[in-house]
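Chain lettering (A, B, C and D) follows the sequence in which the chains are written, and residue indices restart at 1 in each chain.
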Amino acid sequence: MSVTAVHSLWTTTAAPGSPGVPAIDRIPAPTIEYAQLAPVLIVVGAAVLGILVEAFVPRKGRYHAQLFLSVVALAAAFAAVVALAAGGYGTTKKHIAAMGAIAMDGPTLFLQGTILLASIVAVFTFAERRLDPEAHGNRVDSFVAQAAAVPGGEGEKAAVKAGLTTTEVFPLALFAVAGMLVFPAANDLLTLFIALEVLSLPLYLLCALARRKRLMSQEAAVKYFLLGAFSSAFLLFGIALLYGYAGSVSYARIAEVIGGSVQSVDPALADTMGNDALLLIGAALILMGLLFKVGAVPFHMWTPDVYQGAPTPVTGFMAAATKVAAFGALLRLLYVVLPGLRWDWRPVMWAVVIVTMLGGAIVAITQTDIKRLLAYSSIAHAGFILAGVIAATPDGVSSVLFYLAAYSFVTIGAFAVVTLVRDAGGEATHLSKWAGLGRRSPLVAAVFAVFLLAFAGIPLTSGFSGKFAVFKAAADGGAGVLVVVGVIASAIAAFFYIRVIVLMFFSEPKPEGPTVAVPSALTTAAIGVGVVVTLVLGVAPQYFLELAGQAGGFVR
Amino acid sequence: MNPVYYLYLASLLFTIGAAGVLIRRNAIVLFMCVELMLNACNLAFVTFARMHGNLDGQIIAFFTMVVAAAEVVVGLAIIVSVFRSRHSASVDDASLMKL
Amino acid sequence: MENLIAPLIAAPLLGAAVLLCGGRRLDRAGHWIGTVLAGASFVIGVLLFADLLGRGAEDRTLHQHLFSWIPVGSFRADIAFQLDQLSMTFVLLITGVGTLIHIYSIGYMEHDERRRRFFGYLNLFLAAMLLLVLADNYLLLYMGWEGVGLASYLLIGFWQHKPSAATAAKKAFLVNRVGDLGLSIAIMLMFTTFGTFAFGPVLGAAGDASEGKLTAIGLMLLLAACGKSAQVPLQSWLGDAMEGPTPVSALIHAATMVTAGVYLITRSGAIFNGAPDAQLVVVVVGAVTLLFGAIVGCAKDDIKKALAGSTMSQIGYMILAAGLGPIGYVFAIMHLVTHGFFKAGLFLGAGSVMHGMNDEVDMRKYGGLRKYMPVTFVTFGLGYLAIIGFPGLSGFFSKDKIIEAAFAKGGTEGWILGGVALLGAAITAFYMTRVMLMTFFGEERWRGRETASPAEPSAEPAAEERGRHAEPHPHESPKSMTIPMVVLAFGSVFAGGLFSFGDSFVRWLEPVTGYAHGHPPISAAAVTTATVVALVIGVAVAWLMYGRVPVPVTAPRGSLLTRAARRDLLQDDFNHVVLVRGGEHLTRSLVYVDHTLVDGVVNGTAASFGGLSGRLRKLQNGYARSYAVTMFGGTAVLIAATLLMRAV
Amino acid sequence: MSFPLLTATAALPALGAIATAAVPAARRTAAKWLALLFSLGTLALAVVALVRFEPGGARYQLTESHAWIAEFGVRYELGVDGIGVSLLALTALLVPFVILAGWHDADPLEDARPNRRWRPTQGFFALILAVEAMVILSFEATDVFLFYILFEAMLIPMYFLIGGFGDRAAPAQFAAKAAGAGDEAAATQRSYAAVKFLLYNLAGGLIMLAAVIGLYVVAGTFSLTEIAEARANGSLSMATNTERLLFLGFFFAFAVKAPLWPLHTWLPNAMGEATAPVAVLITAVVDKVGTFAMLRFCLQLFPEASKWATPAILVLALISIVYGALLAVGQRDMKRLIAYASISHFGFIIMGIFAMTSQGQSGATLYMINHGISTAALMLVAGFLISRRGSRLIADYGGVQKVAPVLAGTFLIGGLATLSLPGLSPFVSEFLVLVGTFSRYPVIGVIATLGIVLAALYVLVLYQRTMTGPVKAEIRTMPDLRVRELVVVAPLIALLLFLGVYPKPLTQIVDPAVEHTLSDVQKTDPKPEVEAAR
């Protein structure tokens, strides 16, 4: 999907006979480095296959087929990423691929790898079928039997009786992943926009597919969709303005124009070309679009509602993978397209960072629903990561990469634990239900405590390494104030994480309290990976820090 | 005619759309307003393409239309299902989750 | 020879360790172990004394260095001892009287199930006291100083089940702590002034230090002395200390520990000599206490408290003498020794009386006891004659010399001090005669009267039962108690004469304390006669008040002064109101402050965050459109800000 | 590559923690013995370290250094100076007693319904060992980052120890009072205390984090030795304000941990609610990290700023001394009383450190050790007392001395140590601190002596109210110390006596380290007046 490619076709046919132009019968095909796009292609292909599976494979076999297909596809894609990285595309051979649409460099590969791993883990939680009680002898996952059926209506009852399950979630997830893979790699604004839509649309749908509490789930979907569309409209308008300013949507070109290394095309257009109003407003709008995805204050308000309403596995998936992709895109935008504008966006971003860190932490204090709590904590964390983002140094990039990797696994793990604590109405997400969990099932409580401590940034957990890396980068980048604010924010944040731990361990369990379901190997794996990564990145982060360090360089 | 007028028009449309999103209550109308915003963007793209004398903008406009169509598919699906379960298309009724 | 110094201390220390850790299996033999070890250290003391006598007057100082205690940078404190004439005198007094009182206690504490521990404490006291007088530096002295305080605390509160005893013990320790504070500050001053606090260097270099420093050190030392020796204003604990068993009162609160202050001042003579102002304060304190104690002694009906008052007063004499400088040091120590004999004897006598009287302490319930307990009567009587300074007995020599020295101070000061000393002598005669008469003469007021509320239930609770007997049957005490009394009686009769015979005592101590012969404005003979006259007056008045007329069993209301004196001249009331009450208020208010203010600030911030959070989450009102508004506003601000950044 | 002794001293208890935690629920006693064995093994290693340490030798000995996180310029660097090694020994020494004293503190209540997975006992001892490991390593760390990590991480196990385990009455007849209605309230009290503990220390730690990062930005390394060297030879100079800010960041965290007035209020809650052994762990071991860090990091990294802040800190320390003592007098709860007493003592320690004299700092170091031992003795005996009666209120006791003389005696000795009676080790350190302070700041030194008198007051009042007087009906049948309890107390008391009379071995180890520290801040002891005169 490369503009310039298509464009060159067009022009060659439009102006015949001009000297030096190839004859009409020889149409140069755009050069696409398929090998380097392999990760994306594999995932997209698998997704398409998944659709076909839905169409042709008998209902009984679909679940297993889909699960197998998606896991294999993601694994293969990850292998491809590793191969590319090993091939040096992240470092020495980094370059612009696919006629300028895709940037093939360190951050791309690192983030794609992270996204793929996170997605594999997330898909495990998608496929969990042990937690919900069997409906009419069929094991069911946490997705609705028939999305189209009215909640609590005859249709739904029938569907449940028939043992339908929404296996479409797997292809949907795969499409979303594909979008995420492209998002941080996008090297022109159009690709950015398309990728954004490709990753968002499936997520809107996924949000609506919860088996329990369907009304909330649908509400979440509506809110997410409307606000998402709203924000993407802004993003698009921003793109339009930047295009108007630079006459192109390719990052490199825009950066050049901003840098002033290219003269404006035509003096007649001087009033639009090089008109900084266009540039600044456009940049601001695009930033807004990305900050929305990241969930930064004041564009965060969808986060709590959507996180709460969406099916918990989807929430985990969003909180982890989407954030990674979005931050990747943000990084590239700020470092590749708008470095010339640093002195304009930095002060604004400072403000955003501060309100995000403090706002998220403070509002979380009084939350009573564990999923909302985690949502607000994710907002606070977005603030911490942004602090690293605006360091505007290679160090900043690598620290952010590391933080994202660390954070995503903790998040998925935490939400996976949330799926385990259940009562009659499905997951028991109200905090009061969690009282005394430590007495009932110390192991689960302990694991969750580990995740909470990681969120709180206690040393020897990945949370601390990440936070330290980011703050260090920020301080190096001359944002000492941000570090201090961040420290205060994390002190506030510590309060509510500790509150949960107190609740789990130091308060007597209620007799009618929730039960802790024993998960299958899938969720267990997800949680296990989360714990392992948390501790490894906490105790011996050296290797991964190096990795992120090498991946720090963008291609321009 | 000065192409800048087209830009004014585009931004006007965009603003109308945004205002609509903020003001109207019916989910469908809301959604239409979003579409209006997208189209405003299209207009801007095309205008800029014309001013710059290259076709990127026009091509982008096509992509936008496709995306808009996809959004319609997804959005209507969601809105309809919500409507069926609540018998109302008002966004404000969907406020179970708050605080 | 000097290697014997450590064993001197080690013996009783060993006793304390064995008896206190030994457990019940030692109960039967405990008192013997204690007594033998005390005796052993007395024997060692005698050996050392003999050795010293064998040497020339100048090299009568032995040193023993065990090991270095706290070596930190320039700060070095050693566990090392110095035995010279001064400390030798104390060693003999302590071990001698100590041993006697051990023997006495065997009989006295017979019925007490915790007798073993009692002896353990006694030994502990001996060890600490010996350490105090044998230390060769002030820090080690401090160790002994607090050690005796601890022993006194344990012994005063020996009958801990009695709240009064426990309180008295606590009070004694606390008041002493205030004094100790003085000692520790004095040591710090020495360290900053001389860079050390060993006797030799400090006293040697005292001349080089500025007078201001010396005065400060001197006053701090005086504070310490006041605490330990119950001098005004820190005297309030001594009266209550009588809650302890009588042998304790005899040993610690009459003969030895309370005189540690005198030792400290005499030992630090070099410092005081360089600080006349400090010396003035010392004599004033001594004179005031002298009268204070005497007056209190006159008003008390509790025989032990009366004796306690007298102790205070007598130590007042010693402090006064010590404050007079070289003309007084020797006589201070001399009076200290003689006082050790007769006051211990008196206390043991009192104990014996109480022993015969079901532990009754109120003298108004005594009377006519002389025919029931002759030995006690005679020994007590000799002690009595000695303390009032009856010519020829020990008290006479020592006290007379002090009065003389007081006059010799010269100038109006001399007259005032001498006058006070004389007055004190008269009052002493008065109150001691009073005690004598009320106890051993007059009609037998205990007849047909049950002796309630035993002050000293030797073997609780059995004794408490004994105490409720209808009527006491006065009887002589067993040998183990009478023998020590006899020995001490001998001491109180002859010691004084022995010491003054050819000024032997003066020559003995001179090398250490230095001695200058004072020249009183009036002849020594005149002073002596004045003393005797004062004595006669005191006795006469007492006889008129208590001998001629019968003593009422219930105390008359008495004059204002009497009533004040009964309450220790209102000292306790003052302490109670000012220190205790005030302290309670202070602590209570501080507890409140800590909870509301210091804690409140933090909790407040936490709460305010909570409130802020509560308000902020209201923004999350669940309406998608309001979210959109926020986003729109946010975007607007974003754009505005970006443009603004460029504009400025 | 010699045997990594220091790592071993920390690794052994860490292993012990894991092993203990792994013991199945039924084998409770086995877990206890396992924990005890590991702690004793650690003690043995600590003794080896103490022996291998040469007082006269290099400043940091038994050093180890391995690459760890190059990206952060962090190395795994260990090494002990005299101060570190003695505190290491103290920790290793106290933990076995803590374990032994807490032998029954974590036994599940009879009424608790059986639960295969819930293993409080194993958890209790595992957590204790975990704390030991982290504390020991933090005494050994010569890398600021490594130290910081442990400084923060040790909060978590402590937090669970405080919040998870509370007092209970052992004998049935008293159990009625403790259990039942009061239980829930007690639990909430406890979790409040735990949260307070964690939040205070976490806040301090996070402020320190900012300073740590700042330090890295300035110095470019975390190695204490390198930075100190660079500062010494002037190759690393900090702007005055930067240094002061960084110093404050570090000091704040340590002052919370120590704790220094007015950051102290978490301590009484924590020590009051936690069981006596845990309380000992807090005040005798964990808090020492704070004061230790002041000596090692504040003075070494920021000499100028330390000197700049000295007056203010001394005043705060003075306030702590008097204020803590006064509040101790006003307490009704004996554990809270001991807690406030500790606050007063920490005031002395900090005062000694910042008096910047050799007496003061050696005194402070000895004080850390002696205070550890004496508080352990007093607090543990108090714990035994409480476990018999099931109440922390002083008013609930009286006449104990008559029914349980040994208990009373040990309690008294512990108390006398707390009021630093000469002959017991605390006296040595307290006097050194006073002298050290006095020789440079006479007025402050004199006022500080008030602390001595007040100490006598609160100790004796406590003893009188609990041990003397007529025997209360509830305690007529109170048993005297059991063998296990004697085994805990006796060695501590013996140590108090020994170090009180012969502290030389310690001072020899500590002195050189103190000299180094003083040379870091370029301070020398003031000369005595007479010498100066000559």
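Basically, a contact is a pair of C-beta atoms (placed from the backbone, for glycine too) under 8 Å apart; a residue touches a chain by one contact, two chains touch by 3 or more.
In this text the structure is predicted, and so the values were computed from the model without any measurement.
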Would you identify the chain whose Cα-based centre sits farthest away from the centre of chain A?
C
Check: interface with higher C-beta contact count, A-D vs B-C, is A-D
CA centre of chain A versus CA centre of chain D: separation in Å?
46
Counting in whole Å, what is the centre-to-centre distance of chain B and chain D, each centre being its mean C-alpha position?
65
Length of the line joining the C-alpha centres of chain B and chain C, rounded to whole Å
98
Can you compute the centre-to-centre distance for chain A and chain C, using the mean CA position of each chain? Integer Å is fine.
81
Multi-partner residues of chain B (at least 2 other chains)
18, 21, 30, 91, 94-98
Give the residues of chain A touching no fewer than two other chains, as numbers and ranges.
222-223, 226, 230, 234, 304-305, 495
Expected list for chain C, residues touching two or more other chains, is 606, 617, 620, 622, 624, 628
Pairwise chain contacts under the document criterion
A-B, A-C, A-D, B-C, C-D
Chain A-facing residues of chain C, complex
606, 609-610, 612-614, 616-617, 619-620, 622, 624, 627-628, 630-631, 633-635, 637-639, 641-643, 645-646
Complex interface listing, chain C residues touching chain D:
20, 67-75, 79, 139, 142-143, 145-147, 150, 157, 160-163, 165-167, 170, 173-174, 177-178, 180-181, 184-185, 187-188, 191-196, 205, 208-210, 213, 583, 586-588, 590-591, 594, 598-599, 602, 606
Given the complex with chain A, which residues does chain D contribute to the contact?
67-72, 115, 117-119, 148-150, 152-153, 155-156, 159-160, 163-164, 184, 187-188, 190-191, 194-195, 198-199, 202-203, 206-207, 209-210, 213-214, 216-217
Which residues of chain A touch chain B in their complex?
1, 3-4, 6-7, 10-11, 147-148, 150-151, 190, 193-194, 197, 201, 204-205, 208, 214-216, 218-223, 225-226, 229-230, 233-234, 236-237, 239-241, 243-244, 247-249, 265-266, 269, 271-272, 304-305, 308-309
So in the complex, the part of chain B that touches chain C is made up of which residues?
18, 21-23, 25, 30, 91-92, 94-99
